[in-house]
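Chain nomenclature is as follows: A, B and C, assigned in order of appearance, with residue numbering initiated at 1 for each chain independently.
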Amino acid sequence: MEIKKLQGAIEAILFASGDAVSVERIAEALAIDRATAGKMLGNLADRYCTEHGGIRIVRLEDGYQMCTNPEHAAAVRAALEIRRRMPLTQASLEVLAVVAYNQPVSKAFVEQVRGVDCSAVISGLVAKELLEERGRLELPGRPLLYGTTANFLRCLGISSLSELPQLRKEQETEEEEAG
Amino acid sequence: MMDKICYKLETFEGPLDLLLALIAKNKLDIFNIQITELVDQYLEQLAAMRERRMDVTSEFLEMAARLIYLKTVSLLPKHEETERLKCELTGQLIEYQSCKRAAAQLGERFSFDSYTRGPEKMLPDRRYHGHFTLKELYAAYLSAAGRGKRFLPPPQEAFSAIVSHRIVSVSSRIIYVLRRLRLRTEQRYEALFDGIHNHSERVATFLAVLELIKGGRIALNGDQNPKVKLLNGGGKHGD
Amino acid sequence: MEIKKLQGAIEAILFASGDAVSVERIAEALAIDRATAGKMLGNLADRYCTEHGGIRIVRLEDGYQMCTNPEHAAAVRAALEIRRRMPLTQASLEVLAVVAYNQPVSKAFVEQVRGVDCSAVISGLVAKELLEERGRLELPGRPLLYGTTANFLRCLGISSLSELPQLRKEQETEEEEAG
C-alpha cells in the first residue's frame, strides 16, 4: 500500500543519511505535507522501539536519526575492534612503506612510485591513524604532505623511524642489473 | 598495389581483413562463416594471382596455409581437430566477443540504486590496532619501488651514460690515420686499432679507413694480416 | 530472550559498521559459533525482506551488509541530494567483465583482451570501488593484480561470483534460439 511504501522510503532515507534528517526535508522529498511526514516518522520510531532491537530512531532537535541501540554498544565495539585488528592489505602496506621511507611526501609521489591512484588507500590509512597530514608542499596546487604517526610506530613495535630497516645498496645494484 | 581478395559467402562479401575486422567488432559471428567455402574461393583467387604473376604476400600465404590445413583436416574423420583449429583461428576474437557479451549481461543487471552508509558516527575511533612487522614493511617497499621505478623520473646517473658518452667523429679518425701513416707509410691494418677500447672510436676508425680508401689516399693489401699503405703522400686524389 | 538479544546485537553491528561484516567476525564478537551466526544472519536478512521495506540485508561472499532497498532510490536521492550515478560505460562494463570472469588479472591481461589501453577505466573502477588491488604478479615489473569488490556484487544484486551469468550457456542458448 501507499503508506507502506512511504514508510519504507522514510526508513531508507534515515538509514542512508547517517545524520539527522529534518521532517521538512523528508516531506519535501516525498511530496507529502509536514504533518503527515511527522506522524509517519513518529510511527516508524515506535516500530523500531522493540525490546533488544539493534536500531533506534531518535528524535533530535533538528529531526530524526537512526542509530544503534546503546544496549548493544559493547557488541558493536567488539565487532569493529576486530576489524581494526585485521591484517593490512598489500596496497596499504606498500603505501605505508613508501611514505615511511620518504616522508613527508605528497600523494602524487606515492602514486608515481606505485604507478596507480592511491587516494582511497591514503585516506583509509589516515582514518586508521597510521598516516597523518604534514602541511603542504610549496608547489602549484599546494599538495598535502603525509607522514607516519605514533600509532604507526606502535603497530610496528618500534620507538623511532631510525629503527626502520635500511634500504640496502644491494637493491640498487639489482635494479641496475635488471634495468 | 595488389587487389584485395574478395569473398562471396552467404553472410559476407569482401576482403579477408574486412572479414576479420567485422568478426573482431562483433558485427559477424565466426560460427556463421563457412570455412570450406572460404578456402575454395581463397585458393581460386590465389591461382588466378599466380597466373597473373602477382606478388603474393607472406601474410596471404600464411593465411592460405592455415585455411588449407583447416580444410584438409575437416575432410578427415577427426572432427575434434577441426574444432580445435577453428578455435585457434578465432581464439582471441571469440574471447573478446564473449567479453562483450558478458559486458552486456552485466550492464543489464548493474544498478547503483541501493545505498549504503558509512560507519556510525558514534564510533569515531577507526584507529588501527593491529600489528605488522618491519620485514613486511620492508618487503612492501621493495615491492612498490620495484614496480614504480619506471614511473619515477630517471636518476641523474641514468643520463650520464648518454651525456658523457664520447661520440668520436670519423673526420678526427681520418686525421689520426693519416698522421700515423705519414710517420710510417706502410703498417699493419690492425695496428691502427691498437689501444682503442672505446666502441665508438673503433667504429669511427674503421669508417675513416673506408673513407680514405674510397678517396684513393690509402690502399689496403693482403688477405691475411692486411697492410695499409699511404698513397700519393696522403693527399687528395688528383692533388 | 537470549536469541532476541543476539539478533539485536547483530542488527546493531551491521548498522554501525556500514560496510559488509563477515560471519566470522560477528561470531567472534558475540562469542557464538559460526554456524549459529550464519543462521541468525540469514534469519535477520529474511526479516528485513518485507514488501516496500526501506532496508535490505544482502549477503556478499562471506559477509552481510545493510543497504537501502533499490525501490526507494529516487526518494533517497531526493532527500539526501545525491546525484544519480551515471550508468557504466561500455568500456567500463567490458573491463569489469574481463576482470570478473578471470580474476585476479593484471592490467596487461585486460588490455590484451580488449586491445586498447585500459589504465583510466581501471582506475575509475577502483575509485568507484567496483575493482580493487589484489597483490602483484610475480613477473618482471611486478604488475598489480585486480579483482572485483563486494560492492561489485552488491551493485549486480548477487551474493557471490558463482552467481555471475554463465558465459557458455548463454551463448549456446542464443545460438539455439538463432538456429
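Some observations on this one:
Everything below uses one rule, namely that contacts are C-beta pairs under 8 Å (C-beta built on N, C-alpha and C of every residue); 3 or more make two chains touch, one makes a residue touch a chain.
Just so it is clear, the model here is predicted, and its values are computed rather than measured.
When chain centres are defined as mean Cα coordinates, A lies farthest from chain B.
Distances from each chain's CA mean to the overall CA mean are smallest for chain C.
We define each chain's centre as the mean of its Cα atoms; on that basis chain B and chain C are separated by 40 Å. The distance from the centre of chain A to the centre of chain C, with each centre set as the mean of the Cα atoms, comes to 18 Å. Our note on geometry: chain A versus chain B, Cα centroid distance of 47 Å, whole angstroms. Residue numbers of chain B whose C-beta contacts span two or more other chains: 115-120, 122-123, 143, 146-147.
With touch defined as above, residues shared between interfaces to two or more other chains in chain C number as follows: 15-17, 66, 68-69, 76, 136, 144. Partner chain C is touched in their complex by these residues of chain A: 4-5, 7-17, 21, 25-26, 28-30, 51-55, 66, 68-69, 71-72, 75-76, 78-83, 89-91, 115-117, 119-120, 178. Chain A makes touch with chain B in their complex at residues 12, 15-19, 67-68, 76-77, 80-81, 84-88, 90, 93-98, 100-101, 112-115, 127-130, 151, 155-158, 163-165, 167, 171, 175, 179. Those residues of chain B that touch chain C in the complex are listed here as 24, 31, 92, 95-96, 98-107, 109-120, 122-123, 143, 146-147, 150. Those residues of chain B that touch chain A in the shared complex are 115-123, 126-138, 140-149, 151-152.
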